[in-house]
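Got some structures for you, see below.
Two complexes follow with subunit A in common, the first pairing it with subunit B and the second with subunit C.
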Partner chain A sequence: MQKTQKISTTQLAIVISSTIFGPYVLSFPQIIAKAADNAAPLMTIAGTCCAIFSMFVFTRISQRFSDKTLFSYSQIVIGRLPALVANLLVFACFFITSAMMFRQFGEVLSTVVFRRTPIEISILMILILVALSCRRDTVKFTYVHLFYWPFVILPFLFVIMMSMKAVHFLNWLPPFGNETPHWLPALLSPASLYLGSFIITILLPITEKPARAMKAALFGIVVSASLYLLLVLSTIGIYGVRETLQLLYPTLEMARSIAIGGDVIERMDALFIIMWVINVYTTMFSTYFLTSLSLSHLLQFKDHRLVTTLLIPFMFGVSLLPQDQYQLYKFSRIADGSGYLFLTGYALLLWIVAVVRRKGVRPHG
Partner chain B sequence: MDKKPWTRWALGLQSLVLAFILTGCWDQVEIENRALVLGLAIDEASPSAAKLEPTVTHQKNEPLPKKMLRVTAQIAVPGRVPLGPSSGGMGSGGDGESPVWVVQVYGHSLDEALNNLQQQIADPRYLIHLRVIVISKGIAQDGLDELNDYLRRNPEVRRRTWLLVSDTEAAKFMKVAPPLERVPTLYLQAMVEKSIMMGKFPPNYIGEFWIEESNWGQDGYLPYVAIEGEENILIKGLAYFSGGRLAGTSTAVDIGAFMAVKGYNPGGFTALIPVPDLGYVMIKITERHAETDMQIVDGKPHVNLKIHVEGMLDEHYDSGRTISSETDIDAIEEAFEHAATNLVQKFCTQTQRHHSDIFGFGEYVRAFYPDFWKRNIHKKSDWEQMYADILISVHLNISIRRTGLKAK
Partner chain C sequence: MLDWKANYEAFKKKHPSQPSESPSASEGSSGRESKPRQLVASLEDNLQSFQNQMSNVTDLVVRRLKIMGKRSSALLFLTSLTDQRLIQEGIVAPLQAPFVSPEQMKDEDLLDRVDLFNLVCQERVHANLGQRSSEWSVLMDLLMKGQTLLLIDGYGEGVSFDTRKVEKRGIEQPQTEQVIRGSRDGFIEQLETNLSLIRYRLQTADLVIETGELGARTKSKTAVCYIDGIANPELVSEVMRRLSIIDIDGIIDAGYIEQFIEDQPISPFPQIQNTERADKTVASLLEGRVAILVDGSSFALIVPALFDQFFQTIDDYSERFLIASLLRFVRLIALLFSVFFPSLYVSVISYNPELMPTDFAVAIAGGRAGVPFPAMLEVLIMEASMEILREATIRLPQMIGGALSIVGVLVIGQAAVSAGLSSPITVVIVALTTIGSFATPAYNAAIAMRMLRFPLIIMAGLFGLYGVVLGSLFIINHMLYLDSFGVPFLQSILAKKRAGFMDTLIRAPLWWMGKRPSYLHTLDDTRRAEGTFYANVDKIYYQEDNADAENTEN
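For the complex of A and B:
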C-alpha cells in the first residue's frame, strides 16, 4: 500500500459521513417507526449515541497503533490465531452486509424505476462499478468519497427542505411515543446504520494527524446523524407514524409527493433515485473496500486488488440468495444488528486487552 | 500514464459512445406506444356483471367475492391531446375528434378490471399520468380498502392524485366535456385545484386522505362532486368516512365550516346572512385563523375551538337603512358570529353522529394526553366511538375591515 500520501482530518470526516449515510435512508424511517412508534426521533438519537460510543472505541484502539490497520494490530494484541478468527468474522460481517445492501439496491430499482430490467443486471452493474473503484489504494479511495460527498448530502437536504412545509407538528408528539418502544430493535436499528464507521480502523494509518481523528470521527457521525434525524423528523412529521408504517420507502414517497414551482415540477422520485445511487455507491464502496481489505489480510496478500476482483462472483451469488423481500429485510436486519454488536464488542475487547497488556502507544501521551 | 494522445482520444470517444449505448434498454417505451390513463371512474356493478367480464385473471368458476366493479378509464390518444394553450384555429387537432378514448371494463377489483382493460387495448397501460379517480357513493360505502391497497402498491400512482366521490354514476364524469378544457379529466382536476387556490376546498389529495385514514385519531374525507345539468361539475360538499367507509356527506357551506375549524387559508367562502334591522348582507371571508385547545375534563375530551376570521362586506340589500357606522359593522359581525358558530357547531355534531372525526381532534388527544390515549384507545374504532360524545365548544369571531367602494 502506498504510504507516502496522507489524508487530512477533514477528509477523514467526510469519508466517514459519506460512508454512514447509506442506502438505508429510503427505508430507515419505516424501520424505526415500527420499533419505536412516536419515539422514533428520540430513539434515533439514542441509537446514534450507541454508534458514537462504538466509534469512540474504534478510534481509541486505532490511535494506540496509529501506523497499522486493525488487521495488523489485532495480531499483536490478542495473538495470531484469535485475531485470525476474529478478522474472519469481520470479513464475514462486511461480506454479508454488503451483499445484502447490493440486493436491497437492486430491489429498489426493480420496484420503482427499472421495472423490466432484470434485478441481476442492476446488481451486477453497481457491483462491478464498486469493485473496479475498489482496486485503488486508500488515498484514492478517500478522494472518490470527497468528490461525491456533496451529491450524497445535498439531494436529501433539498428533499427535506422542500417537504418540511407539509409537516404537521402533532405527528411529532408525544415525544416518548404512544406505545412502549421495542428497546432492542429500536436501539440496534439506528446504531447499525453506522456500521460503516468501522472504516476508520483502516484509514487511521494514513491520516496526517491521528491524534485528531476523534474529532473527525465525531464530526462525520454528527453530520450524517443529523441528516438521518431530519429524515425521520420529516417523514414522521408529514405522514404520521401510522402511515409511515405502511410505506416501504418513506423517504422516496416524500420525494414523490413534493411539487415545485406551482406544481409544475412533480414526481422528483426518478431524479431522487439517481442521486440515491451515488449515495449507495459511496457506502458500498466503503464496505466493499473493507471486505476486500480484510480478506487480503486473511490470505496474507500484499495487494488487495486480486481479492477485489475475485470477490465479485461471490458477492453477486450471496446477494441473490434471499428469496423475497421479507426474507431480505429480515436477513439484513439480523446481519446489521449482529454485525454492529460484534464489531463493537471486538473493538472493545481489543482496546481493553491492549490497555491491560500495555500494547501500543497511548494517544496524547 | 504515458499513452499517446490519440490513444487517449480514442479511449475517451469510446467511453462516450458506450455511455450512450449502455443507458436503460429494458424499460424504454416510446410515448406513442403507451396507453396513458388520465382518469378512472369506478362504479359498483351488479353481481350478474360477472358474466360480462372476460376471464383474464381467474378461472370461470373460481369462488370470488360477489362484489363487482365497473371501471371506466379515460385514455389519452397520443397526438390529439393538445399541449399548451389551444390556438383555436388550424393545426391544433381540433377537428372534432376527442383527445381521449373512454373504455369501460368489469372486474372484481380495480387491479383485475385494469387487467381486463389491458386485454382489450393494444398498448401497455400506464398510470403515471393518472390525475383523477372518481368513485361512486356505493363504492365508498363499501369501503376503500381494496382500492387504496392497489393504488398504494403501484409506484406509478402519484400521491397527488385526486380521489372524488360522486353522487351519481361515476362513469358520467369520464364523458362530460366542458368547453373550458379539452381533456375532461384535466377539467375535473383543474376544478378541484382551482378551488383550493380560491380557498373553497382544502388540499386533500389521495396521499392526504391515506394519512388521515391511517391516523387513529382522525378520519378521512374526500371531495363530494355532482354533475349539474348536462356538463357542469359541482363540488357539492365533503364526503366523510368512518371505519374506512363512507359515513355521510355534507353541504358545500360545511366545507367553509370545516376549513374555518382547521384554519385553512386563504378564506374563500361568502356567507349570506340576515342582520336585524339591516336586511341581508353577504360577507366574504378572506382569512381564517384557528386554534384547537384540547383538554380532558372529567375523563372526557373537551375541545375548545377558537376561530378568528377576517372578512369584508360584499353586498347589502333589502333594507331602508345604509351601513354607515361602526355600530352597523358591529351588528353585522355579531349576526355573522352567531350564524357561523351555529353552522360549525351543527357540522361538528353531524360528524359526531356519524363517528367521523375529520377534524383530527383525536390526534390532539394522542399528542397531548398520551396516558389517557393509551388507557382508552386500543384501535382506531375506539376513538371513533369516543368521538361521538366528546364536548366541542366553538368561539368564533370575525373582524370586518372593509366594505368595498360604495360609501354608504
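For the complex of A and C:
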C-alpha cells in the first residue's frame, strides 16, 4: 500500500514560494532602501531577475537528472571528490544561513515580543520544533508547506492592502534614485532572498511532471517576488526612504499603524508577528531540511533523521556566535550574498559540465 | 449436582499446589494421556475420549440415540449455545423415525452398505449441515461454536449441524451517533445480524464479506467487507495483511483490532473510524472503503479514515446541501473553539491585552480583580473541573446524570465566581470550549482535540501567543505526518484536485460529487451517470418547464 507519492506542479510552485517568502520580510525594505535608495523597487525587480536566472539554472540541471537529487547527480557530473567538496560547501552555506536565520528570529522576538526572556529560549524552541518536523520524507515536507501556504501569504497581502491608503505616491519618486546605487549589494540583497529556491534540486525527483517544473519554479518566484515588491512599494510609499532607513522592522511598523473594524482590534502587530512566526517556520523548515539532507548525503547515511537531531546543538551554537545585531546583520548579509553566488556558480558549472560531457537526458519542454 | 465442597476437592486434586510439578492449565487436561487426533470407528471409544477431554465443560450434553432404531449413535452439543428446539425437532426426531418404506425396512444390511452420513444428512435431518470431519480438533472447535455433533458407531468420522443460537438484544438506535434525519437502526453485538443489516442495504453480489477468526482463545469471528469492483484490491489486501499478523489471546471489542492495525499507535488522533450505524458503513463501502466487523462488538471499523470524516454525519447527505455545508462550517468553528479558545484567552489576558478593545479589556480586568491566580492557572482549574464533570456524567446512573450536569455547571460556575476562584469571563470561555467539543460527531476525535487544549493552555501561559503558535504548529505537523492505511490524514485538504474540497469544508450537492474520493484509488471512480451534472445545472436555469414540455410531447 505504501506507494511513492508524487507532488504536482502546482504543489511544487507552492513549496517554492513559501520557502522563498521568508523571515526577511520584516527588515527587507530597510535593507534594500539602504542599498539602493529610491531605486529600491527597481532593484528588487532586478534582483528577482537574477534569482530567476539562478532558478533557471537549478531547474535545468535538475531536469537532466529528473530522478536524482543534486547530491547524487553531482557525483556523476564532476566526479566523486570534487562533488564531495562542493556539497560540503552547499552544506556549509545552508548551515550558516539557517543558523543566522534562527538568530535573527530570536532577535526579532526579543526586540518586539519578549523583552525580558533570554534569546536562547526563543531560539531553542523554534529550533527544536523545526528539527522535529524535519524527520520525515520529502513528500511530507511538501505537505507542511502546502498547509501553511495560505497563512504565509494572506496576512501579508492583508496588511499591504490595509495600508495602501496611506501611501503617498510622491515618495516613490524618483524611481531611479537620487544617486547611483551600490550595484553589488543592491543586486545581491534582493537576489539572496531567493536562496531557498535551491529546494527545487531535491524536490524534482518526487515531481509528477519534471518537464513542467520550470513553469512551477517561475510561478513560485513570481508570487513571492510580487509580495516582496509590494512590501517595498508600500513601506517606501508610506514612510519615504529616509524614514524607512530609521526603522528596524518597517513591515512591522506598517502592521502596527493599521486598525480594523472601528478599533475592535486596535493593535495588529502582535497578531502580525504570530503570522510571521509561521512564515519564518516554513522557510527555516526548508533550509534545515536542505542542511540535514546534504549532511546525511555527505556522511552517506540512508536516513536523515539522526542528522536532524545531531545538528540541533551545532545550529544553536553557531546562531549564538554574533555578538550583537549589527554584527549579525552584517554577517548574514555576507553569508547570504556569497551563498547565493556560490550556489548559482556551482549549479551553472554542473550544468555546463553536464552539457559538455553529455550526462543525463535532455529535458523536453 | 455436586456441592461446592466436592467441586473444590476435585479442583485441588487436578491442580496440585506445587507449581513446579503442574503443567500449565491448558495442558493439564491433555497431559494425562496422549490426545487422540483422529476419531476411531468405535462410538464408545470416541465418547470415552470426548468425556476425558471435556470433563470441564459442564454444559455439554451427550444424547445417545439409535438411528432408525438400528445403529447406535450420539449427539453432542452445548446447551448454552444451541437451539434446543431445533435439535429436538430437526435432528433427533427425524433420526429416530423408522424407515418409511417397508422394502427398506426388510433390507437388513442396507445400513451397512450405504454411507450413513450421506443418508442422514440428505434425507433425514432438517437442520443445516455444518462440516464433516474425522479430526478431533476440528470437531471440538465446531462444538464450541454451538454446532451439534453427530457420531455414528462404525464410522471414524463425525458430522456437525448448525444449531447455534445466541441470545441477542434488539436493534436499537445507536446511542453514540444520533441523527435527526436518518435510519434508526444500529449495529448490535452479533456479527450475523450486523452483516444482515449491511446486506439489506447493499443488495448486490459485488458485496464481498470475508470472514476469519481472531484471538487465540476467543476465536472471535471477524468480517472484512468491501465492494468488489470499487475498493482498491491493494487496500483490501493491506487490511487482510494487517489482520493476519494480529496475535492476541482475545478480541473483546473492535477497539482491540483498531489498535493493532492502525498506522501510528502513538498519536492522540484516531486513524480508523468506528461507527454503530449501518447506513454510514454502507456509504463508506460505496465510497470504496473497507469495513471490519467483529463478533461481540457493536462497532464497525472503517478504513482508511481521514480527519474530515470525523466531522461528517450521515444526515449531512440527506439534508439540503446549503444547510449541510453551513452545519459543517459550524462544526469547524466549534472545533477551533474547543481547541484554541482557552489558550488564546490566556495569552491575550497575560501577554497581549492591547489586542482587545480598551473598554472590554477594562471590563475583563475588573472581573478578574479578586481572582488570586494567574490566568493560566485559573483556566486550567476550570477546564480540569469541567473534564471531571464530563467524565462523571458518563458513569452516573441515567436517572441522576441529567440532573447533575445542569446542577454541576450551575454550582461550579456560579460558586466559583462568587467565591473569587475565577472571573465570569473564564466561565464563559470554559463553557464555550466544552460545548464546542460536543459538536464534533465522533467521540474519539472530539476527545483528542479536547485534551490537546491543555498543553496549549500551558504553552500560552508560558510564552503567550508565540507559545500557542508553536504548539499548534506542532499539532498540525503531527496531523500532516499521519497516515491512515497509506492515505495522508489530511489528504482531502491537500488533494491535488478540487474534488477533495467538495466533501470536506462544504457538502456539495450529490449530483455534483460525481467521483469517488481519488485518494482511495478505486477501480470504478464514477458514481453518477454521465451528464447528471449538466442536467442539474440546466435545471437551475430552466426550472421545470422543460420537463413538463417533454412530458406533454410524449
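Quick notes
Convention: the second predicted complex is superposed on the first by the 358 of 365 C-alpha atoms of A that agree within 3 Å, B and C clash if a C-alpha of one lies under 4 Å from a C-alpha of the other, contacts with A are read in each partner's own complex, and residues count from 1 in each chain.
The rule is simple: a contact is a pair of C-beta atoms (placed from the backbone, for glycine too) under 8 Å apart; a residue touches a chain by one contact, two chains touch by 3 or more.
It should be emphasised that the depicted structure is a prediction, and the values quoted were computed from it without experimental measurement.
Superposition of the two complexes onto subunit A shows a clash between subunit B and subunit C.
Looking at the shared chain after the overlay, A:256 reaches subunit B, while subunit C stays out of its contact range.
In the superposition on chain A, A:140 makes contact with subunit C only, while subunit B stays out of contact range. Residue contacts after overlaying the shared chain place A:67 against neither subunit B nor subunit C. By the touch criterion stated above, A:267 is placed in contact with subunit B and with subunit C alike.
Of the two partner chains placed by superposition, only subunit B is touched by A:246; subunit C is not.
Contact with subunit B, but none with subunit C, is seen for A:173 once the two complexes are overlaid on the shared chain.
Of the two partner chains placed by the overlay, subunit B and subunit C both lie in contact with A:114. The single stretch of subunit C with clashing C-alpha atoms against subunit B, selected from 399-407, 435-443 or 453-461, is 453-461. In the superposition on chain A, subunit A positions 113-114, 117, 263, 266-267 are in contact with subunit B in one complex as well as with subunit C in the other.
Subunit A meets subunit B in the complex at residues 111-118, 121, 168, 170-171, 173-174, 176-179, 238-240, 242-243, 245-246, 253, 256-257, 259, 263, 266-267, 269. Residues 1-3, 8, 10-11, 109, 113-114, 117, 122, 125-126, 129, 132-133, 136, 140, 143-144, 146-147, 263-267, 270-271, 273-274, 277-278, 281 of subunit A are the ones touching subunit C in the complex.
Contact residues of subunit B toward subunit A in the complex are 24, 26-27, 128, 152, 155, 158-160, 193, 207, 210-211, 214-216, 360, 363-364, 366-368, 370, 373-374.
Subunit C makes touch with subunit A in their complex at residues 234-235, 238, 352, 354-355, 357-358, 463-466, 468-470, 473-474, 476-477, 480-481, 485-486, 488, 490, 493-494, 496.
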